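What follows are several structures.
Presented sequentially are two complexes of subunit A, the first with subunit B as partner and the second with subunit C.
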Partner chain A sequence: MERSEIRDKVVKIIGAYAKDKEAMGSVTEETNILEDLKVNSARLVDVILDFEDAFDIEVEDEDADSVNTVGDAVNLVQAKVG
Partner chain B sequence: MSRRVVITGLGVVAPNGVGLEAYEQALRGGVSGIRHIPLLDELNFGCRVAGVPEGVDAIAEERFDEGELKAMNSNHRFGCISALDAWADAGFERPAHEDDHVFWEAGAVIGTGIGGLDTAGEKLIPLTDAGKVRRLGSTVVEQIMGSGVSARVSGLLALGNQVTSNSSACSTGAEAVVEGYRRIQDGLAERMLCGGSEGSSHYIWAGFDSMRVLCRDFNDQPERASRPMSATAGGFVPGSGAGILHLESLESAEARGARIYAEVLGGALNCGGHRGGGSMTAPNPESVRRCIRQAVEAAGISPDEIDAINGHLTATGADAGEVASWAAALGRTPENFPAITSTKSMIGHGLGAAGAMECVACVLMLQGGFVHPSINSEDVHPDIEAFSASIPQQALEMPQLRTLIKAGFGFGDVNVCVVFRKWDS
Partner chain C sequence: MFILRVIMRYRIQNVAEVRRRFRALVRQTDSPILICPNHLTMADSAILAWALGGPWWLLRNYRWVPWNVPELSNFAGVGLDRAAAWMVKCIPIVRGGPREDLSHSLAKIEHVLSRGETALIFAEGARSRTGRIQLESIAHGVGRIVSALPDCHVLCAYLRGDRQETWSTIPARGDSFYVDFELFRPDSQHTGMRRSRDFAHQVADRLVRLEEKYFAGRQ
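The block that comes next holds the complex of A and B.
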């Protein structure tokens, strides 16, 4: 799967949980999910579960812990889908 | 410190009407919100009808963002829509997420009787039993915890006073009104969102069905199924929904020039101790009468001032005894008995939401000068036939309606009674 395609899907999934909808308009791979998009930290587990469903992958807790930015999430998914 | 407490906002999500206008119209018209539920056929329920509010998901999608919706089961949706409506009806704007202002003077008592069993049945239990706990995600706890709805409402509206959820079975919704009233009366809050909500779920209704306390004889005539005070009543019809009253100190309401619907004159709460005929599932008649008398006393009025009764009246065998208790407690005879009606005849028994949806009905009746019909009571139970003239079959236009009393009786032998008076500005 192309990286751009993964990024689009990842951003859409994260967007559902973002409290700062305005910041969603200028998302880059450097955007921090918690700080910039104001996603509630408790919801990160739901974001990861949505990745699992959308990309048909399994994400270990340790891998999930390494996700801070949108780019981290794209890297994680890309590594899993191959 | 004892302050006067008034009602300045209302919100309702009921099986026969979502929103105040639709609800009032349905109440006046005697419109039933009871419908056949096909899933209950498949699952071999004895009772296959229920009261479920319509069109709620579409409203929820307009009011809540995608992230919020993922964490809101039916109980949350009903309760939160009602709370937002009551807040707006009281004249307040919904605060933005990014606005850090907290309304320290405003709180909530929003109860629930059973809770988020749809979330438990559809997600928590199957995934846990399949060894997939990590797939539960972050939103299960807030949807099944007893205080889930009040917790969500506090975030939607930035409430900073006491925020809690009470639970006293079928007394819950009206009990919340009494609790919030007392908090304001005591000077601990200026405004409280009070009421209850109950989700729509066959998992909630199943236990009642097994107890054989639900109506089984009108599955093919849903609108006739909920029959309080009727000779052919054969059990209650399960309902769901929410009702919220925005209670406010008179000082606060007057200072901001708020529209006032009615005053909460007084209320009482007690328990029959499962004695004297009371049990887990039946009320001790003495406790019912005491509760009614205490509410009238707390209201500082004479029982003769009661113009109408909105009873608990569920359509079980207990209805006749309840009417007798009202007569005894208020010192009334069939000849001078006030109008008595059951909102449950149209919406079923909303469990933890029942008292709240019914309190909203009380306030709308005071405001509109009418008593809504108690439908399906054309064949009044023989034990209360003498009271027939007091049971309206059609909406009773009553411009002189000033004082209305509402009671609720719950499993656990718990009782609540509250007295409302129309506000004359």
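The block that comes next holds the complex of A and C.
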């Protein structure tokens, strides 16, 4: 799967949890999911579980620790998808 | 505990029975026990430890003085609070901070539990703004700790002062506290993060049940 395709799906999933909908319009790979998009930290787990469903992957708690930005999320999914 | 009992004039309802039940429960298992109470005031962990153990029993059974997981910003800037946090068992955490820092704090909690100590973590992450268990705030970290420790048991506890309507910094002076708790071993068919989330939800379900029992008893 192409990185751009993964990125689009990742952004769409995160968008459902973002409190700052305006910031979703200018998302880059450097955008911080919690700070910039105001995703509730307790909901980050739901975001990653949605990645599991969307990409048919399994993510461990330790893998999720590396996810701070949209780019981190894309990297995680890309590594799992292979 | 002197402050709680003498200066603040707090009272624990049925304290002898509460402590008898708690001591009987913890004697049942050598497994790690994570204490997960509801969260309404910043004094909850101290009041709960006092209610469950009592000062003399805790002195003789120091491992049952739970490690606390306070939000760093709640005490880092105030000298007296910093000193108090240093004197009791504390593992600071930065809510909403970098995932790596959170992971490091959770690993410390797992470490102390695996060594036979006990830890207290608020499943809701922060004081409930509604005064009731906030299911949408349930922290994944609770489930993650349980998932990392084979045979980890969870003591869900419900603590509430009679005059506590919603949340506050500390309970009203002279308040009388209801305490109830339930020890269980979470189990899940899931793997990975779903397993941790399942555990966190099981803890939340039990807290809700304890809360419903509290309010049913007041009608």
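Here is the rule we use: the second predicted complex is superposed on the first by the 82 of 82 C-alpha atoms of A that agree within 3 Å, B and C clash if a C-alpha of one lies under 4 Å from a C-alpha of the other, contacts with A are read in each partner's own complex, and residues count from 1 in each chain.
In this section, contacts are C-beta pairs under 8 Å (C-beta built on N, C-alpha and C of every residue); 3 or more make two chains touch, one makes a residue touch a chain.
Since the structure is predicted, the reported quantities are computational estimates derived from the model, not experimental observations.
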Three-chain arrangement built on subunit A, subunit B and subunit C clash or fit: clash
First, second, both or neither for A:65, with subunit B first and subunit C second: second
Partner chain(s) touched by A:1 [first = subunit B, second = subunit C, both, neither]: neither
First, second, both or neither for A:42, with subunit B first and subunit C second: both
Which of subunit B and subunit C A:34 touches, first, second, both or neither: second
Partner chain(s) touched by A:81 [first = subunit B, second = subunit C, both, neither]: neither
Subunit B region in steric overlap with subunit C, selected from 128-136, 218-226 or 362-370: 128-136
Footprint overlap on subunit A, comparing subunit B with subunit C: 42, 44-45, 49, 61
Residue ranges of subunit A in contact with subunit B within the complex: 15-21, 40, 42-46, 49, 61
Subunit C to subunit A touching residues, read off their complex: 95-96, 98-100, 102-103, 125, 136-140, 144, 147-148, 191-194, 196-197
For the subunit A and subunit C complex, residues of the former touching the latter: 34, 41-42, 44-45, 48-49, 52, 58-62, 64-68
Subunit B residues within the subunit A interface of the complex: 65-67, 70, 97-98, 134-135, 137-139
